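Questions regarding the structure given below will be posed in turn.
Chains: A, B, C and D, in written order; residue numbering restarts at 1 for each.
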Amino acid sequence: MSKIKTLDEVAELFADNQVIMFGGFLAAGTPESLVDLLVKKGVRNLTIIGNDTSYVDRGIGRLVAGRQVKKAIVSHVGTNKETGRLMTSGEMEVELVPQGTLAERIRAGGAGLGGFLTPTGVGTIVEEGKQKLTVNGVEYLLELPLKADVAIVKAWKADKAGNLVYRRAARNFNPLIAMAAKLVIVEAEEIVEIGQLDPDEVMTPGTLVDIIVKA
Amino acid sequence: MSKIKTLDEVAELFADNQVIMFGGFLAAGTPESLVDLLVKKGVRNLTIIGNDTSYVDRGIGRLVAGRQVKKAIVSHVGTNKETGRLMTSGEMEVELVPQGTLAERIRAGGAGLGGFLTPTGVGTIVEEGKQKLTVNGVEYLLELPLKADVAIVKAWKADKAGNLVYRRAARNFNPLIAMAAKLVIVEAEEIVEIGQLDPDEVMTPGTLVDIIVKA
Amino acid sequence: MADAREMIVKRVAKFFRPGDLGNLGIGMPTLVANYIPADKGVMLQSENGFIGIGPTPKAGEEDKDTVNAGGMPVTIMPGGACFDSATSFALIRGGHVNITVLGALEVDEKGNLANWIVPGKLVPGMGGAMDLVVGAQQVIIAMEHTTKEGAPKILRKCTLPLTAVNCVDWIVTELGVMEVTESGIVLRELAPGVTVEKIQSKTEATLIIPEQIGAM
Amino acid sequence: MADAREMIVKRVAKFFRPGDLGNLGIGMPTLVANYIPADKGVMLQSENGFIGIGPTPKAGEEDKDTVNAGGMPVTIMPGGACFDSATSFALIRGGHVNITVLGALEVDEKGNLANWIVPGKLVPGMGGAMDLVVGAQQVIIAMEHTTKEGAPKILRKCTLPLTAVNCVDWIVTELGVMEVTESGIVLRELAPGVTVEKIQSKTEATLIIPEQIGAM
């Protein structure tokens, strides 16, 4: 059964209220065709998890601007003025998470860990509501894993088995979210035959990937 | 200042009582020339941390057979009968750690985490002496990070800046230990010029590597 | 006994569905690979660091870096992928492995498993077994039904130190196929010529006997 | 003011030693790169996923995938390496970054730092700043000594929500160089024409004045 699908086929898989993890740092490494699809389909009340809310007119930021997002779990919103506005007006909930903690929470979700102890955020408002543990005299916050219904991943190359290679700074959160969601949908710039990627260059094993679309 | 050293120069850096992390799974991916050096120098009372104690006559197992090890933190000792004998006679301490927990503890050491929660080992003798936490109704063990004085790493290719590429199943614990030790010594099969490795194929950034020797 | 093992691994192979990622333990479980059709779309993980275990290489064509978790030379199939040990166990612990097949010293009716230590006698270490049985979506135990001395290995309660609690889903032996459920161990299939009385007589736990029992 | 910024970043650049891995925050800290000699053997990390930030590409030669943490096109130097965000912050949190340079809204005499939020006014998110100041071996604050209105930014106690406690090692402003110690903030260097009285008058925290003060 081929993993390669058309955008029309993929559109069926998105629904209101989904928790969606997205790859990308600002706009680099975000699957724009899949975001197009989400915008076009108009699904609402989404929870989005990823590094930032990008720009009003690029990347995941377009979902924010289109009021499709109920909650964003991100590390940075400063480049998208709509996020700030909707956050202040109470129309959208924003959970700000330190970037390293966010990456690690997604990794923990994908790796079956129940949480981890980080020194980041101790003594700041980030610690509010969190359990604190002292290990060997040092105080840490217990941070909990994040998982999602769907991950939308941007790859440079995919083979037909779903093995992925990312390029430069477009890697960012993509390999992490590909481990942490029930359904993993990949937008690849190039789709190659099985055997064309060397096993050592693969950054996400194909068994994690459910669906591939051509960018 | 070049990172490339001779084995004689490296010999100076090993000492009794060091905590040494080693790459390798059974004998694949262990830096044999560096183990030769440890055997030849005869340093003693070492604590070794890695996947297993390999075989009596190969890999890190040679240090065990030569009674150079005070304590081994490993997941498996079944292939080295000397480990079993010294463990039973009380001449060597062995801390058996589930393989995934071991890998994650080393990663946590390198990543500045204070520990992590894993379901592995709950309800078994592995939980003895460990803190248990319940998160969202599931019980986890709190496992703590591991760090070392020295990591001995086996790479396939290294560039002169210390960027490393591993090959096939010889990767295993090598990238993890390269993050978790004060001094990182790499044995590379091939040393290439800076610029000959594509930034996307590098598996361990060169800034983590202190010393490179040719295998 | 060779026939018993062959019957067990052939049956276990049938659990795999297209697209599954499997992990086979050392020993008898490894042989399951021989009975999964190559065109079925099943990938096998080697927990030392790759997905896509292929056939044993020909003599002289072994690659020192391409070995399985038992240290034996193997090959990597087209479409395979390599990774480090933390990622390998992130895949395992994170539920990305669909089926793991392992041997056992003891299994009990709560699905508890003991397969890594006989205190004072055999202390090889747990290796990856504890993570595999906690993380894999389905845990299948492939073993001979009793010890060499004929003592039952399927018990009311394990006596050896556990590998994990409540983790086993299926037990396949030369006598039959059993499913571990919340109510206990249900007999699902019997091997040819084996009666319910015979399999129960070699099992300490009381088997739950459903109306329909299949042929193994 | 351009001169002030240039003086600050030039001085900060001198903190870097051969072999160091540095991370420069967005804004003024980014300019520090211009004053680290290319042959010094310093590598810079871009926390969105690589080590080896190189010069801005020529117009038309930008690569959409090679951008810095501010989203601006950059290049990757020979000897650079790319990685995912978890690895990027493992490097940061794990102490593998030697120096991070960041701006500040407020710093206090305990080395507390506030640089990510002005409640109700400016809520951009902390991005990577909280991890950087906790994880980097040395935290250097590069900022103008006072606010645009002339109010002190080096305080007895920060009033804004913190980025981290007790994390700042050095403060470099257009008036001088200060080291944050367990006893308080020690004045180490004065800019040309600046007196102890002048820098103290623009600083809320009481500076510790050693016998020797260098020239910035």
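The rule we apply is simple: a residue touches a chain if its C-beta (ideal position, glycine included) is under 8 Å from a C-beta of that chain, and two chains touch if they have at least 3 such contacts.
Predicted model, so just to flag it, every value in this text is computed and none were measured.
Asks: Tell me which of A-C and A-D has more C-beta pairs in contact.
Replies: A-D
Asks: Chain A to chain B: how many Å between their CA centres?
Replies: Measuring from centre to centre gives 32 Å for this pair.
Asks: If you average the CA atoms of chain A and of chain C, how far apart do the two points sit, in angstrom?
Replies: Distance between chain centres: 34 Å.
Asks: Per the centroid of Cα atoms for each chain, what is the distance between chain A and chain D, given in Å?
Replies: Once rounded, the distance between the two centres reads 29 Å.
Asks: Measuring centre to centre with CA averages, how many angstrom lie between chain C and chain D?
Replies: Whole-Å distance between the two chain centres: 54.
Asks: Name the residues of chain C that each touch 2 or more other chains.
Replies: Correct list: 50, 76, 82-83, 89-90, 92-93, 134-135.
Asks: Please list all residues of chain B that touch 2 or more other chains.
Replies: Within chain B, the residues that touch at least two other chains are 104, 107, 111-113, 118-119, 166-168, 171, 199-200.
Asks: What chain-chain pairs meet the touch criterion?
Replies: All chain pairs meeting the touch criterion are A-B, A-C, A-D, B-C, B-D.
Asks: Under the stated contact criterion, what part of chain A meets chain B in this complex?
Replies: 104, 108, 111-119, 133, 135-136, 138, 140, 142, 144, 165-168, 171, 199-201
Asks: Under the touch definition given earlier, write down the residues of chain C that touch chain A in their complex.
Replies: Residues of chain C touching chain A: 18-19, 21, 41, 43, 50-52, 76, 78-83, 89-96, 134-135.
Asks: With touch defined as at the start, can you tell me which chain A residues reach chain C in the complex?
Replies: Counting only chain A, the residues touching chain C are 1, 107, 109-113, 159, 161, 163, 179, 194-195, 199-200, 202, 204-208.
Asks: Where on chain D is chain A touching in the complex?
Replies: Those in contact with chain A are residues 46-50, 63-71, 76, 82-86, 88-90, 92-93, 112, 123-131, 134-135, 161-166.
Asks: For a test of understanding, state which residues of chain B touch chain C in their complex under the given definition.
Replies: Result: residues 25-29, 51-52, 74-79, 84, 87-88, 96, 98-104, 106-107, 118-126, 156, 166-176, 203 of chain B touch chain C.
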